[in-house]
Structures are given as C-alpha cells and as structure tokens.
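Notes follow the structure.
Chain lettering (A, B, C, D, E and F) follows the sequence in which the chains are written, and residue indices restart at 1 in each chain.
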Amino acid sequence: MLHILALFSFLLVSSSHAAVQDFCVADLTAPQGPAGYSCKTPAEVTADDFVYSGLSVPGNTSTLFNAAINTAFVEKFPGLNGLGVSMARADIAPGGVIPMHTHPGASEIILIAKGSVTAGLISSDNTVYLKTLKEGDIMVFPQGLLHFQVNTGRTQAHLWASFGSPNPGLQILSNALFSNNLPSELIEKTTFLDDDEVKRLKALLGGSG
Amino acid sequence: MLHILALFSFLLVSSSHAAVQDFCVADLTAPQGPAGYSCKTPAEVTADDFVYSGLSVPGNTSTLFNAAINTAFVEKFPGLNGLGVSMARADIAPGGVIPMHTHPGASEIILIAKGSVTAGLISSDNTVYLKTLKEGDIMVFPQGLLHFQVNTGRTQAHLWASFGSPNPGLQILSNALFSNNLPSELIEKTTFLDDDEVKRLKALLGGSG
Amino acid sequence: MLHILALFSFLLVSSSHAAVQDFCVADLTAPQGPAGYSCKTPAEVTADDFVYSGLSVPGNTSTLFNAAINTAFVEKFPGLNGLGVSMARADIAPGGVIPMHTHPGASEIILIAKGSVTAGLISSDNTVYLKTLKEGDIMVFPQGLLHFQVNTGRTQAHLWASFGSPNPGLQILSNALFSNNLPSELIEKTTFLDDDEVKRLKALLGGSG
Amino acid sequence: MLHILALFSFLLVSSSHAAVQDFCVADLTAPQGPAGYSCKTPAEVTADDFVYSGLSVPGNTSTLFNAAINTAFVEKFPGLNGLGVSMARADIAPGGVIPMHTHPGASEIILIAKGSVTAGLISSDNTVYLKTLKEGDIMVFPQGLLHFQVNTGRTQAHLWASFGSPNPGLQILSNALFSNNLPSELIEKTTFLDDDEVKRLKALLGGSG
Amino acid sequence: MLHILALFSFLLVSSSHAAVQDFCVADLTAPQGPAGYSCKTPAEVTADDFVYSGLSVPGNTSTLFNAAINTAFVEKFPGLNGLGVSMARADIAPGGVIPMHTHPGASEIILIAKGSVTAGLISSDNTVYLKTLKEGDIMVFPQGLLHFQVNTGRTQAHLWASFGSPNPGLQILSNALFSNNLPSELIEKTTFLDDDEVKRLKALLGGSG
Amino acid sequence: MLHILALFSFLLVSSSHAAVQDFCVADLTAPQGPAGYSCKTPAEVTADDFVYSGLSVPGNTSTLFNAAINTAFVEKFPGLNGLGVSMARADIAPGGVIPMHTHPGASEIILIAKGSVTAGLISSDNTVYLKTLKEGDIMVFPQGLLHFQVNTGRTQAHLWASFGSPNPGLQILSNALFSNNLPSELIEKTTFLDDDEVKRLKALLGGSG
C-alpha cells in the first residue's frame, strides 16, 4: 500500500504540468507568435477541443466560382495549434473551379470524395503537371506552387484537402491581383496583362484603382 | 524579337535545375537519409508521380480487428518525399477497431467519411479525451500519443487520416508487445500483465518467447 | 580614447537586447506557445537560471516499480526553454523496472551510471532490439517508440537520460491504459486484453470505469 | 612534450571527420534528397567553395522585362548547401520590372543598391503593401506571397536579394501561366482571364495550347 | 450579382484573420518566446512595417576596430520576426577589421559592395579557409564558426551581410573575453594566454577582474 | 484462422519498409547530406547499432589541458544519425580545463558525475554566467556561445555532456586560432593579441605562419 502511494505521488507531480507538453490548444484571445497562438490552460482542455464539425456540411456553390471552400485552419479549429496539420473541404458544382492559388506555408494532399476533378500544378520551371482524378484518388501539391482544380464531371464534386501546417495560408491569384486597390498600372507592368482586361477583372472581383 | 530571345535564354538557364527546388519525388532504389529518400531526376517526373490511387478501394475488414488500414506513406506514394504530408484510409466493420496505437513521427487528423466512430486519445498525464464522431467530423491526435478508433455504429465505417509527415510511422500496441519474440518475462515486468494473459496474446497475435 | 568611446557606444546599443537572442529562460507564469514558454527579461537572468540541482539525490525506489524517475524538463528547469535538450535521472532497485513507455516529443540517450540494466526498444514493424548494458554504456531510443529498462543486476542501478527537446513528454503505457477512467470495454476492444486482467490492473494502478 | 603529443593525438582523431559537421558543400553529381545535395568530401573542400563571383557583373537588361535576374542559389554556388541562405542580383532598366512572382521556399530581403524601386507584396487576405524604396532601404517579403519590384526612377536600378534558404525557388506568375502548354481553357476558367488575352500572352511568352 | 455577394461573404470570413497566417510583425512590448516576439495585430500592420532604412548611412569607422557594424536584426526591424532572414552592414576603413566573431544562430553570406576585403573562416578541425574578395564577390560563413574580415585594400570598404535568421546573434571574441568581469585567472587557464596579455586587453577593451 | 492470416498479410506488407520510418542508422561509407548520413538497410540493423561503449573508460588526462574529451557523435556512434541527440565524456585532473570553446550546432547540458567543476558561459552582450557545480548538478550552455569548465576541486573530476544534435560540432578557441597556418598578422589584427603572444601560442599549440 505504501508502494502505491509513493507511485501516485510521483504521478501527481508530473501530472500538474504534463498535458502542456503534449499539445497546445490555441487561446485565440492571447498573444500569438511566429510558431502559433498561446496555449489554453491544460486543465480547461476537453475532448471537444480536439474535434471540429464545421466541415460536415457542403458549402454553397452558388458563387462566382461555382464552388465553395471551407477551411479548418487553426483560427477555426484551435486544437490544431502547433500540431503541423489542418484540413479544408471544397465543393464544386459541374463546371465550377477552385481557382489558381498557392498555399505559402505548407504542401497539400487532396482526396476526391465524390465526382471527377481535373487538377494541375505548375513548377518553378513552368512545367505543367495535369491529371484527371476520380473518386478515391489523392494528389499532392508541393508547398508554394500554383495549382487549381476544375470539376470536369457532370455531377457535383467534393474533395478533402489536408495540409502539413495548422496555418497553410491560401492566396487566390485573381483575388490577390484584382480584389484590392493595387494600381492597374502596376498590375499591367508586372503581369503583362492589358489595361482593359485588368479593369474588367477589377470590376468583376471587387477591386478599385 | 531580340528581347524575347534574351528572356528565353534566361528562363532556359534556370529551368535546367529548377524543378529540383520545388519537390523531390523519391527514388526508392537510391540512398535514403534522415530527411527522406533521394530524388528522382526532375526531367523524369510526370504528373503520375503526384497522384496515388491505392486508397480508392475499401480494405478487406475480415481481419482479427474487423478493420483494415491502408497507408499512403512515402514508400507507397513516392511523390510525398520531403513534403511533410501523407494519408491513410481505414475501413471498420461494425464492432471493429483500429486498435490502440501511436504515430511516432507526426500528428494526425481523421475525417469520418462514413458511419459513426468513437475515438479517444490519452495524454502524458493519463487524461482520456473521448468523443463519438459522426460523418464529416474531424478530430486531431497530437504526435506520439496513444489513440484508437472503434466503430460504434451499426454500419461499415470509413475514415480518412491525414498526417503532418510523409513518414509518420505506425506502432500498434498489441502487435508491438505480442507479435514478436520479446520474452514474456520482460513484458510482464514492464507492463504488470500476468503471465497467462501475455501467453494468450502471444498465441493470438503470432508472438513467441 | 575617442576611438574607445565610439566603440563602447556601439557595444552598448547592441547589449540592451543582445541577451535575448542567445537564450530564452522560461517565465513559467507568462503565456506559453507551441515553441515553449515566454522568456524571462534578460536583465533578470543570472547564472542560477542555467543550473539545476534537483537530480543530484537518488529517488526513492520504494514504489510499485521499485524504481524512481526524476525529470529535469523545462517546467522544472526553466533555463532549458527553447534550447532543444533536457535530462532525467532514474534509480532502479534490483528487479525494478522503468516500465514500457514512449517519449512523444524527442529521442533519448541513456547512460548507465551504476549497475547493470537490460533495455529494449520495439520498432514500428514489431522488431525487438534488446541489450544488457553495463556501466558506462550508452543506448539511444528513437523518438516515439516503445522502450523500457529493467535492473537485471544484483545492486541498485542508476542511469542518466538525455533528450533532444526541453519537453520530450513521457507516456507510461500501463498508467495510460489503467490509471484513468477509460472504459474497460474500450480498453479490451482496442488491446485484446481480457476483462479480468483489465479490471485487475485498474485496481492496481488507480483507474476506474 | 609527452603532454603535447597526447593532445595532438586527440586532435587528430576528431579532425579526420570534423569538417563534415560544420558544412556540406554540394557535390552536384551525387544523389540529392529533400534536405539538399550530398556533401563533397571535406578533404577536398577549399576556400573557393565558400566564394562565388557570378553576381559581380550587371545582368543584360535588354529583355522583355527590361530587367535581369541572376541567382546564386545552391545549384550555382554549391557551398550554400544545407546552410539556410542564398542571394540573387537584379538589374532593372528605367521602367523595367521584376514581374509578379513568389518564392515557394523562403522569405526574402531586398536591398536597394542603386536607384529607386517601387516594391509591393500582397497578403493572403488580398491586402497590398506598397512602398517606394531609395538607395540603402531594405524590404522583407514573407515566404510564398506574391510580390514585385518596378524601377520607378530615371536611372538603372540595382538590388540585392537575400533568402532564408539555399534553394528558395522562383515562380514568375506570367511565365507559369503563359510559357507552357497549360490549355487556354483551363487558364481562363481558373483565372477569369478572357480567351483573347490568354492567347495574346501565350504568343508573347512562348506558350502553346 | 447574387453570385458575387456569395463570393465576397466567403472572402470576408477568411480575411478577418488571414493576414496572421502570412507574417508576424513583432510587437516588441509583448511577450517573447523561443520562436520570436508576439505578433502585432494584423489590422495595424502597414507597408512601413516591412521596410527599414537604418542601413542606408555608412557607420562611423572611428572606432578601435576602424570599422562599424550596423545590424538590422528583429529588434530593430520588427517586420523580420519569424521570417528566417536578417541583414547587417559593415563599413571598414583601410586597415580596419571586423574582428574574429561567431553568429550562434545562423549562417551568413557577405557581399562586397565596395573595396577589397580579406575574409577567413575556421572549421571545427582547425582548418583555415582564407580568401581575398573584390567588389561583387559573395562568401558564405557556416553557422557558429569563427570568422573575420579585414580591409586589405587602400580605400574604405563596405559590405552587406545576410543571415538565415531574424536573430542570428553576434559574439565578438575579444569583447567576450576581455570586456567583462570574467576573472583573469579563468581566462588564462581556458585560453593559455598569459597574465600580462590578458590584463593589457582587459584595459584596452573595458574589462575588469 | 482466416482472420488471423488476413491480419498477418497486412502486417507483412507494412513490415517490409516500416523500420525505415523509425530510425536511420548511419552507413558511414555512403553519401552524406545536410541532414546526415545515408541509412543502413533496416534488415541489417541489430541492437548493437543502438549501443555504444566507447565512453565507459576515463580518458587519459596527461595532456596539455590536464583533461580528456571523448565524443559519442554520429561518426563514432552511427545509431544517432538523424535522432537529434549525442553525448560526450570529459575527465579533468585537478587544475585541468576543458578550454574555452563553442558547439556551432547544438545546445549542451553537462552533468557533474564526480568532483567539483567551475563552469562559465558568455552571452552575445558579453555577460559572464559563472557557477561552481558539485556532483549531480546540471548546467545548460545555449547553442553557439563560448563556454568552459575548470576542475576547481582537489580530485579528478568527470562530467557527462549531452547535446541536442547527433553532430553538435566542437570548436576549441585556442586550437582554432593557434593550431593552424592562419597568418599571425591576421590573428593579431582580428583579436588585438600582440605578436609575441601569438607566436608563443602557435609554438605551444602546433601552429605555423
């Protein structure tokens, strides 16, 4: 009996802080640093902190893209903080697209859950890697490279994306160029697009200047 | 015209090696180091290197676990080499289990594609985080901690697992203890299991000694 | 003389912040993030922050394990914060054990300071690597893999453990399974242990459910 | 004298391999892995391996961009292998541009060595950060984000770029979209550009399809 | 029109936090951790946070070293926080030196902007790599190794240094040994320098004890 | 019975490569990269690969330093490759020293196994942190900073050093300056030492030039 008490006193000592060493559920209201958010007090962490249900419902694809993206990055799913993984869901109507984009902070794997999707990536030497994927196929997109997905089937498509960071980032090319006040002249000089096209796209995508 | 030639000569120079800098598709026959496999020559890389179809078919769940795991780690999907992500698929018959296990090298997110699954993880201070998940739910398991999934629904369940490493590892507790020649006496001393139970499980799981 | 003043003014400028760049002694009362604790103000750091004496005394081995573990992880030795190293001490009575466990966050080297210890590790493919170590031998245990140490000599044994992280974690298998409220039915399904054995170990190790 | 000999024998032992631990000059003909190239034998490394003179001469700015980029990444400067740094030089004629681009693998600092340059970066939430820089100014571009530089002065401009990786990558947006065989239809669907503009730019930049 | 609204609501959601994922401009008044400073609120970040002008003016070389170093590390240029890069400027009068020093936290590339500089580095096996550099040459110094630069030309020299960390550190050998109260006896025992020389250098460099 | 066969076929598949994912014992004869040596074929790895006995015997302290250092870095203990840890042993006669040195690639913890040792470290802002340690004390030395140990007791001292890298490096200051052909004039200019002292130390420590 004495032995057991001694054992438990040992366990108690390490238990006061031990949970801290295994995970760091984000406290979104506390300071954030380069490695992520501050940690919620371990004693207040519950099973719910490790679970997120926000990806279960298909997004509304009645958008300009005929597609919807729903992310489960660390800001929405604080349990991911510091753990090097995250997910997203994309729903794409027939003919819809996940437009040309990059993830500055992580590589990505997509899994085709439903439908048929043509996906492509472009490497630094401007080589195109293009593939039509069917249900159950997975495809990897190396960190930071331009890529896109198009629903080339006749039915609604649905895919899961997984990332090697809780905070992979998402820079959509057309929004980056045309949904802000970047002066048209600078866009034109740095992309070779002509003035009419730049202005048309600024009008379409909410930009000014 | 001269301008354009000058431009293309510049592109050509960087293109001879540029693909190397974006990805490193594994050459499984060449030397492997702590960071992964050697890279396939970029010029021989095709779109197929970034795609894997081996997870599209459900595994055969007629096993001791009434479940099947199929991994898409770097050894099977060489395009993942060096990219910090991988996936796996689990199919679980009603009452089946993904037994208690760890991934020594990465955190994991599971997504319930079909069915209802009860999943749990245990932290270093022996706290249990337990949750019954429904279709579309995701749950994160921090790196290296014991966790498990049980099909607690009435239908076949199916889940996707994503990892923050091309090589997360998978150590299944009962196989690690009982499917090898680790002497029973050592198992008993280091786990407190009794001799009868150790011998029963060695017989069940293919161990000796 | 003028030169020297100019020199010192240069030194002074960099000195106001320079200590920050070399180390980050933990302020255990301030926010913690995925990379560790917040730093103590450099001006308040003294030599004592880099020294820890808590491992100098043998632990009391009158426990269920006939062994004692004493850790010098970052919570006890704040000077380790951010530095990628930590230590622990184990004392093991004859016949005692450091039971089957993992460190989720780092690899470990043990050094046998006194006595004779049989140590083993189990890899992901269930291979056992077993070795009897004598004084002065060192053995490495790769990150996240199950391992254990048993005093197989006739005298008290004593070993030093070093880790490649200030916060390696320590998950003791039997405590993780049996020292909490994880339902017996789930333990049995996910480990193949029988009900009697699970209940016996829950009673021994302080679990319920 | 005996002491000294003993000392030197100790030094000799560690010297046979010690250089390996400090650096890893690339052997461009040997296998490459995710962390970089294989190392040249330390005994064959000379001071010249740590020096590169290829950036000393201004590039020829008679290109489509009225600018020239010259990189000192690991393929050209093997001494950088594994060391987490690299450089490049850009020369920009008046009105010339370093077109919209990303570096998938590292953040960048530019230093304006000569002239006046307007530089901009675009964040994931489509905010534009724009600044006109003069000689001696430095500006940082976070990893993976779109950015550009334009010579808005009246004289030739010249800047140095530094990167936090020996292999930062360089994806030039217009070349990625228009200097290859990516089908026009896919470009149009994923960028919202119209068909005429896509075809005009493919003709200008050497693309087909 | 409805489509466009739906699109913009999607963009708005991600924009509320998105800037956080791209960069982490340091708030120097908030807690600092092992990975860097806390981040400034993204909404308050402006283009000025990514720009630093403090290196544009030559330093005053009327010092003991006949040289001046001016750093743009994270404490002075908060935009670098978490981004893995930084810079410094050195101005060296004829005959002046950047004395023997190390950077504990990063490798370095120097670029000779003006003049002629002899630079050297010493590896762990005591091999010297020595080179006289001319304008436009770059040289790399692997992390943590002793190195130095001497103006061996007849005119003022000026070089730019780039580092693979926002916080590379800078330990100047002679200041580390002689500009503090490290007891002379300990210096002598651990460096083999004789007492007279230690005392002379303590007097010259502001040390005591 | 069928179930069990199905299970074992599953285990067999993953076992063919699984050991690769857990560790990477160095093959010292194969190519080495920035992350370490190539891996030995897993099938040829035995328990002996994880064990090293070369630190068990005290070093011969009849040296110039009255001390001996014996390292267990990856070149001597190939099992450490890729695992982020290593060790060394120092034996110091009364009055002996581990001279002023740095480890460019890792932080270090020392543990005083026997005797009494005065240890010091110097930070980038030239602050000295000095402490006399007794048996069982541990002290941490942050990566890349100058530090030393002196036996200030009356008996032979013995300490264990642990590092957060399999390849921490070891640059001994006096050997780096005086045991090679670095020209005396350059040493003098970059350290402020006078010519007589430099020549005396070159003679003592085996240097020339």
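Quick note on the criterion: a residue touches a chain if its C-beta (ideal position, glycine included) is under 8 Å from a C-beta of that chain, and two chains touch if they have at least 3 such contacts.
Predicted, not measured: the structure shown is a model, and the values here were computed from it.
Student: Using the contact definition stated above, find the chains touching both chain A and chain D.
Tutor: In this structure, the chains that contact chain D and also chain A are B, E.
Student: Quick one: compare the interface residues of chain E with those of chain F and tell me same or different, with half as the dividing line.
Tutor: Same residues, largely: of all residue numbers at this interface, over half are found in both copies.
Student: Just grab the chain with the largest centre-to-centre distance to chain B, centres being mean Cα coordinates.
Tutor: Farthest from chain B by mean C-alpha position: E.
Student: I'd like to know which pair from A-B, C-E or A-D copies the A-C interface, where a copy means over half of the contact pairs are the same by residue number.
Tutor: Interface equivalent to A-C: C-E.
Student: Report the chain whose CA-based centre is farthest from the CA-based centre of chain A.
Tutor: For chain A, the chain whose C-alpha mean is farthest off is F.
Student: Mind checking the rotation angle between the two copies, chain A and chain B? C-alpha superposition, nearest 5 degrees is fine.
Tutor: 180
Student: Determine the centre-to-centre distance between chain B and chain D, using the mean Cα coordinates as centres, and give it in whole Å.
Tutor: 34
Student: How many angstrom lie between the centres of chain B and chain C, each centre taken as the mean Cα position?
Tutor: So the centre of chain B lies 26 Å away from the centre of chain C.
Student: At what distance in angstrom does the C-alpha mean of chain E lie from that of chain B?
Tutor: 41
Student: Tell me, which residues of chain B touch at least two other chains?
Tutor: In chain B, the residues touching two or more other chains are 11, 14, 18, 21-22, 31-35, 104-105, 123-124, 126-127, 130, 142-145, 169-170, 175, 179, 204.
Student: Could you classify the connectivity of these chains, where an edge means two chains touch, as line, ring, star, complete or other?
Tutor: Other.
Student: Every touching chain pair, please?
Tutor: Per the contact definition above, the touching pairs are A-B, A-C, A-D, A-E, B-C, B-D, B-F, C-E, C-F, D-E, D-F, E-F.
Student: Once bound in the complex, which stretches of chain F touch chain D?
Tutor: 31-35, 60, 62-65, 68-69, 71, 73, 75, 104-105, 167-170, 175, 179, 204, 206
Student: If we count contacts the way the header does, which residues on chain F are in touch with chain E in the complex?
Tutor: 97-100, 102-105, 118, 120, 122-124, 126-128, 130, 142-146, 148, 150, 169-171, 173-177, 179-182, 186-187, 189-194, 197, 200-201, 204-205
Student: In the complex formed with chain E, which residues of chain C make contact?
Tutor: 2-4, 6-8, 10-11, 14, 17-18, 20-22, 24, 27, 30-39, 81-82
Student: What does chain C use to touch chain F in their complex?
Tutor: Against chain F, chain C makes touches at 11, 14-16, 18-19, 21-23, 45-53, 55-57, 72, 77, 79-80, 83-87, 106-109, 111, 113, 121, 123-127, 129-131, 133-145, 160, 162-165.
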